[in-house]
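Each chain gets a letter, A, B, C, D and E, in the order it is written, and its residues are counted from 1.
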Amino acid sequence: MSRGIVQYIILRALMIIPTVLVLYTIVFLFMRVLPGNPILAVVGTKNIPPEQMKHLMHIAGLDKPLYVQYFDYLWQLLHGNFGVTLAFPMGVPVSDYLKLRFPATLELTIWSFTISIIIGLITGTIGAIKKGTIVDTSMRLYSIIAYTLFIPWFGMILQYIFGVWLHVLPTSGRISPNVNLHTITGLYVLDSIITENWPALVSSVKHLILPSLTLGIVLSGAYTRIVRNNMVEVLNQDFIRAYKARGVKDWKITWYALKNAFIPIITLMGLQFAILLGGAILTETTFNWPGMGTFIIDRIEYRDYNAIQGTVVFFAFFVGLISLIVDLIYALLDPRVKY
Amino acid sequence: MLEVEDLTVYYYTSKGVVRAVEGVSFSISKREWITFVGESGSGKSTVAQAVIRLVPYPGKIQGGKILFNGKNILELNKKEMRKLRGREISMVFQDPMTSLDPLRKIGDQVVEAMTEHGVDEEEAKKRAIKLLKRVNIPEDRIDYYPHQLSGGQRQRVAIAIAAALEPSLIIADEPTTALDVIVQESIMELLQELKNSGTSIMFVTHDISLAFERSDRIAVMYAGKVCELGRSEELVSNPIHPYLKALLDSVPDVHSDKKVKAIPGNPPDLRNPPSGCRFHPRCPFASEICKKEEPELVELEKGHFVACHEVV
Amino acid sequence: MELVQVRNLKTYFPVRIGIIDALKRKKLFVRAVDGVSFSIKRGEVFGLIGESGCGKTTLSRSVLRLIEPTEGEVIFNGINILKLNDEEMRKIRKSMQIIFQDPYSSLNPKMKIGEIIAHPLIIHGMDKKEAKEQVLQMLGKVGLTPEKEFYERYPHQLSGGQRQRVAIARAMVLNPEFVVADEAVSMIDVSMRASIIELLEEFRRMYNLSMLFVTHDIAIARLITNRTAVMYLGKIVELSETKTLIDNPLHPYSRALINAAPTISRKKDFKVKIKGEVPNAINPPEGCRLSNRCPFASEICKKEEPELVEVEKGHFVACHMT
Amino acid sequence: MKKWVLLILLLAAVFVGCAQNNKVQNKTPVENLQKSNAIVIGVTDKVTDLDPANAYDAFTWEILENTMVGLVKYKPGTLKIEPALAESWEVKNNSTVWIFHLRKGLKFSDGTPLTAKNVVWSIERVMRLKGDPSWLVTDFVKKVVAENNTTVVFYLKHPTSYFLALLTTPPYYPVNPKYNPNKIDSDQTAGGAGPYKIIKFIRGQEIVLEANPYYFGMKPKTKKIIIKFYRDATTMRLALQNGEIDVAWRTLRPSDVLSLEKSNFNVVKVPGTYIRYLCFNVVKKPTSNVLVRKALAAAINRKEIAEMVYRGTVEPLYSLIPNGMWSHLDVFKKYGDGNVKLAQELLEKAGYSKNNPLHIQLWYTPTHYGDTEADLAQMIKTQWERTGMVKVTLKSAEWGTYVDYARKGQMQAYLLGWYPDYLDPDDYTTPFLSSTANSWVGTGFANKTVDTLLKKAQEIPNQNERAKIYEEVQKILADQVPYVPLVQGNLFIVTKPNVHGVVVGPDMVMEYSYLYKVS
Amino acid sequence: MILLSSFLLKPINAIFGNKKGRGYFIAGLVIVSIVVLMAIFAPFIAPYNPTAITMDTFSPPCWKHIMGTNRLGQDVFSRIVWGSRIILYVVLLASSLSMVIGIPSGLISGYYGGKLDRILSMVMDSIYAFPALILAIVIAVVLGPSPINAAVAIAFVYVPTYFRMVRGQTLSLKSQLFVEAAKAIGARNREIMFKYILPNLIPTILVVFSLSVADAILTEAGLSFLGLSVTPPTPDWGYDLRVGQAFFLDGYWWLAFFPGLMIMLLAMAFALIGEALNERMTSR
């Protein structure tokens, strides 16, 4: 059995490769179709002689035919190398940036994810139990409203209320500049706990609240809906009535129902995580959060091919990894799954 | 032991009020097997669910009394009801594929049925093994999940759970409909054994042949009402209600060459049931009074009740 | 004389397996139908009974090539239909039809009743006006009157019995020579089954139709079929005149099946018992497929597969012990 | 179940904890800043490349100028050049040979001794690596030699009167020997011998500077400078209001500056040498017609632009050479501001009318010049359309593409801006008007007279004579109108009331060592 | 308005009768109709030229300007009215584009299966699993800011949504008996796909359409918030929100508040319709 799991994980992990390849190809093609290139973006309106331009293009490998560029980069990817930046600055390994930026996004998404799951589970369960009542209706309205909130707008309102008006929470950044934190994982909350740096913990948690609340609430709408609908479905199933017919206590039945309702939600969590990453871009922009989202937007401006390709590939890989983890959790929780 | 008087259940759907069960009365005594038979939509399952107060949403028990050992179940509060369920009255559902929690081991589910009613864990485990043995599930299956068992095995587990605390009444709501005949046979036998050991069985089925096989008494339901009720041999040999007669005529039998005849027309829409006798639009003997007045369930002979104007 | 001949028909399904097995190129099959032969005469109703999972539904589809069989021959009117190309097959479908078990999913919910019945005619080249006339006639024949009203209705406005009549009309409108009825009445209310059976019987009589009648209910088989085959795990275990089969079943499985059927007319003989349930058709037992459940099984049953042999005239059994 | 309860309790604790802490923060909005001798500066710019051989943008140069120093530098806040690493210098051979004498005992910020060899090594490195700004060296310097430990001699390609101004730019700064000699070293924080050294650098987040103990000059007033990078002005402004930063530096939005000034923040205005201008493609129709260019120039109302788009934070500019720089002439004043009448006349002359309007595309780039850029484009569109004879279509492209379009000469009219490389009229004229140097801008402007004039001005040392030449060039510019100067940027530094010592040079570089804070 | 409502009520009653979800549907439909009317009759509804620069800057909401004016003295309400055109144009164009590509490919892929199906599914799943907004941003930036390009970018990321839904439904419909019945009567594959399968997909397509339009509205707003949709001075909600956000802290709240509110309301309206249709479908 355990050998089965290991093999399953390996093979399932191999399935990430085509996904990564597809996205790399899409982005590569789109990026090269239209004019402009990173060297121009760097040089910009500076008065630089044409020979030097050529020299720079050569260094960046942009003078090679497209298919060579395509496979060159693919070759690098095979070696776990995301290439080097082509603009502002040139020649820095993209992975350096990813190492720096990814933990920020990860920290933001983890917290948002947690918040959204908790809110979603609570509101969805309440809605399902009180099905057909006004409580249910208001939960469903909450779900729709939360889902359709526009992140920059909602974030702006929260910033105004908690940052400017009440003056209780920071509105941007990850940690106060005056706090020294020795980073190990790059997840500030975790790092400050590891290094027992309590001021840093307080500061980083405070910085996290508004962005993760914004993203978490927006995402929770989807969960409220899914949890509610699944719960309603499960509560209608025979085995729930069978539990009742056996005289099992109500809260236990709700718990069993929740467990069953949670199984299909797990599959959706993988996809939700992707949506979360998308939402993270807008959240990061609104809260000046130094994550992957703001990074990719910056790089796009310079048309930094390698950085954008690298980021997209990395995201694709990460999303694949998440769905792998989700599948594993699914397999762990649902005895019906076979490897 | 169980007396039901004038039970009425309505479903409040968005399309209108469905009068699923109206004015049904009957009783069950100890060690008795009573079968409710009828076509789909006749209300037989609703009656069964009402007895344990598990009518699904949007159904509501509208009126009547359900006296269990003299106590009206409908007046019990939640906690009392919970104590009653599983200990005094338990239920087996139609579809064995969905009536067990797919995420929990069957052993745990059997054990829980007992611990929830105060049996201590150790004792419950011991009894669970015995119970499963009794329903012919090998001991090692105790750690299996429902999906690892076949339909028949699951239904036997469900019966084991229902019988765990030796309740006085087990309600079996079409427990064999989803199963093949050979498995059906084994389930029926299991219920028979339970009955022999002192439990009353309230059996619900649409298969009239099956109904006659093992029941002591049979109640025939049509459109939310009981139209004939009596000892099973009596009903086979001497059916009185035109519906029962027609029903018996419409069912083929393996061992006889009789011709079958369909009942003309369709079952009524219970949002808008026919006036008078609900069978009158399909009844060949219907007269004026049948259209106007609802027939009462009358005891024609001892223990043989019929609701029909024409025969009374 | 024989309209349909099925010879050594096999239909295997590849099993959906995990990635690991797929990589090891381990191929597993469900042997849903595993070497079945029988024939149906003109005007005959041939019954096929068995428990769920015995392969009777797959067999009924394979005979019509709605499922592509793996091996064997289906000879219809002297033509092996398994060798026809798509276009030829489409043409021959005119003479072979099917009526399904579930009247709720066998009709396209987005088409009017009239369109549903007319479509086969139009497909086979009739113009719309003529088709409509034919359809109206057909509606009358299956008892859906007033015809014009039913023509305009949608399936969800009909009861189960009425829908099954539509399904019959759709099958019969092409004047087929051969019809498969797959559990055609098992989802209909008890009180109405008889009328559907009557209707089928009427068509059979009128057009000298051959029919393959698949059912799990032996009582119904008795009512309509001339001959019946009992299937177990993809194989026919017994085949005979229906009455003979019921009154004198020879195969232990047939006996158990017939005994288990609920009946009012006589008391049951509880002697013959078959243990357990139908095993998985991916790995059927060696030898006789019933050997692991059969109370009479001996050594040979576990080793050798019994052949279907004629023990009396027209009565075939596949059992070592008889 | 237990796990869940625990988790909920934990979360509740975190939130309660925050709430309590917030109360404390309410009284003292800035967390323990008073104790640490540090100032936090917010910027929306980026540090692109810490290697002076490749860094070529204003803000990165600011960091380099605070962490490195050249042979000479501007006296803080003025255009006057004063000695830095070099104590004194001599000029020989018609200003083609420059000899510099270094101070004694110089050290890099990590304590490594700094000699003439380091100076030569660094400049040769720039010449070898051919980074973006390397032309600032290679176009002028033929050879650089260390005569001894304290003497550096430059041999120039041609007489260059403004060589000292060039020497103030980062490519001439000696860098720490830790810099990779053969490769551009973008993330190298070893720095040079400036007043500060870099102790921490996280791209896109922050850079932390600490006073350099080996600096030869004045000791910085504040030991630690933290620079936080923001993606946009709004978040930076929020951070300032929220007490997260002490100084908001480049670049706040005009509206932010105005409203911060009202709410008790110190605003320091620095006249900038940064200019914004409009380019015309002089080769392609319809802007190849000089009448059209003149008409469009006349229709522009700089005062309105300054007022509406920049809320009065910029000055109207009537020449490419900025106000306040020698040789500046308001040559475009002759067209007036928003001179609709003149514009109409000129357009009529060019053959356009109300029924046959001039169709023109105006291009801008949405992010590179800040959020006001779209407003600027809209404003110009409105002004041109006031003539009733012009129909403007606005177009935009991301920076990378925009530059490509410009270089290929694909746009008709487009907006650009210019930060000077060195403070000399030459840097405001040659790159635009010399046909050998202006291919980057894509206007296609070429004029032989201008070419010769500019060449001459580079070579003669006398400032008065040069001034005359530049005046003449400006006049030709106003006649030909390949460019329309629009505004000259002012810079604003907004600080908390307790922050003092804001010193910004004419090169728009803030000298961090003068900043201090009183608690 | 009365005429309109009676015109609208008929189909509502036909679909919903007085069943569940009716309220949601009506609420959603009312908002959508208002926005659509706003878009169609923008020249008549908007009191001012939305792009005219005036000296009356930063006027708070008052009788003259019910939603105030912005930094260039443009009337915010007029910009909202005209802005509805862009967002509807982009989103509806994008949704139609992705439907035109997604539905047939999903149908073919699901119906025929085989290698083509596997390749298409892999590509679509890869795109689907990737954060839509990020991909849309990359594409929109590369293509350059214009409404059509934004629509293409959005369409690109929503094709998999339709594809997967149609493919999945086709697979399940394919196993339905009526499809088998169609085969049995000798219907051709094309007929089965378009006469038997496609009509049964329409209710699900409607639900997915409404929900993905709601989603696409937010994506469009996200793109134009990042300046990737329209070129000013064309009024656009997302862009106006972005520009207005800068002035939010100065107390000029109306600049960003109204565009943001409209984005939310419009997305919500489609989500309500989708929810109602979904409920209607599942409650059958």
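Everything that follows uses one rule, which is that a residue touches a chain if its C-beta (ideal position, glycine included) is under 8 Å from a C-beta of that chain, and two chains touch if they have at least 3 such contacts.
The model shown is predicted, which means the values in this text are computed figures rather than measured ones.
Peer 1: Tell me which of A-E and D-E has more C-beta pairs in contact.
Peer 2: A-E is joined by more C-beta pairs in contact.
Peer 1: If you take the mean of the Cα atoms for each chain, which one ends up farthest from chain B?
Peer 2: Measuring from the centre of chain B, the most distant chain centre belongs to D.
Peer 1: Any idea how many Å lie between the Cα centroids of chain D and chain E?
Peer 2: 43
Peer 1: Roughly how many whole angstrom separate the Cα centroids of chain A and chain C?
Peer 2: Inter-chain centre distance comes to 53 Å.
Peer 1: Using CA atom averages as chain centres, what separation in Å is found between chain A and chain D?
Peer 2: The answer is 36 Å.
Peer 1: From the C-alpha centre of chain B to that of chain C, how far is it in Å?
Peer 2: 32
Peer 1: On chain D, where are the residues touching two or more other chains?
Peer 2: Each of 238, 241, 367, 397-398, 401 in chain D touches at least two other chains.
Peer 1: Can you list the residues of chain E that touch 2 or more other chains?
Peer 2: 141, 144, 242, 245, 248-249
Peer 1: Send over the residues of chain B in touch with two or more other chains.
Peer 2: In chain B, no residue touches two or more other chains.
Peer 1: Quick check: in the complex, which residue numbers of chain E touch chain A?
Peer 2: Listed in rising order, the residues are 122-123, 125-135, 137-139, 141-144, 214, 217-218, 221-222, 225-226, 241-242, 245, 248-249, 253, 256-257, 259-261, 263-264, 267-268, 271-272, 275.
Peer 1: Across the complex, what residues on chain D touch chain E?
Peer 2: 233-234, 237-238, 241, 253, 255-256, 259, 308, 366-367, 371, 374-375, 377-379, 381-382, 394-398, 401
Peer 1: Name, in rising order, each residue of chain E that touches chain C in their complex.
Peer 2: 176-178, 180-188, 191, 195-196, 199-200, 202
Peer 1: Under the touch definition given earlier, write down the residues of chain E that touch chain D in their complex.
Peer 2: Touching chain D from chain E are residues 51-53, 57, 71-72, 141, 144-145, 227, 231-233, 242-243, 245-250.
Peer 1: So in the complex, the part of chain A that touches chain D is made up of which residues?
Peer 2: 34-38, 40-50, 52, 55-56, 87-92, 96-97, 100-101, 118, 159, 163-164, 167-174, 176-179, 199, 202-203, 205-206, 209, 255, 285-288, 290, 294-295, 298, 300-303
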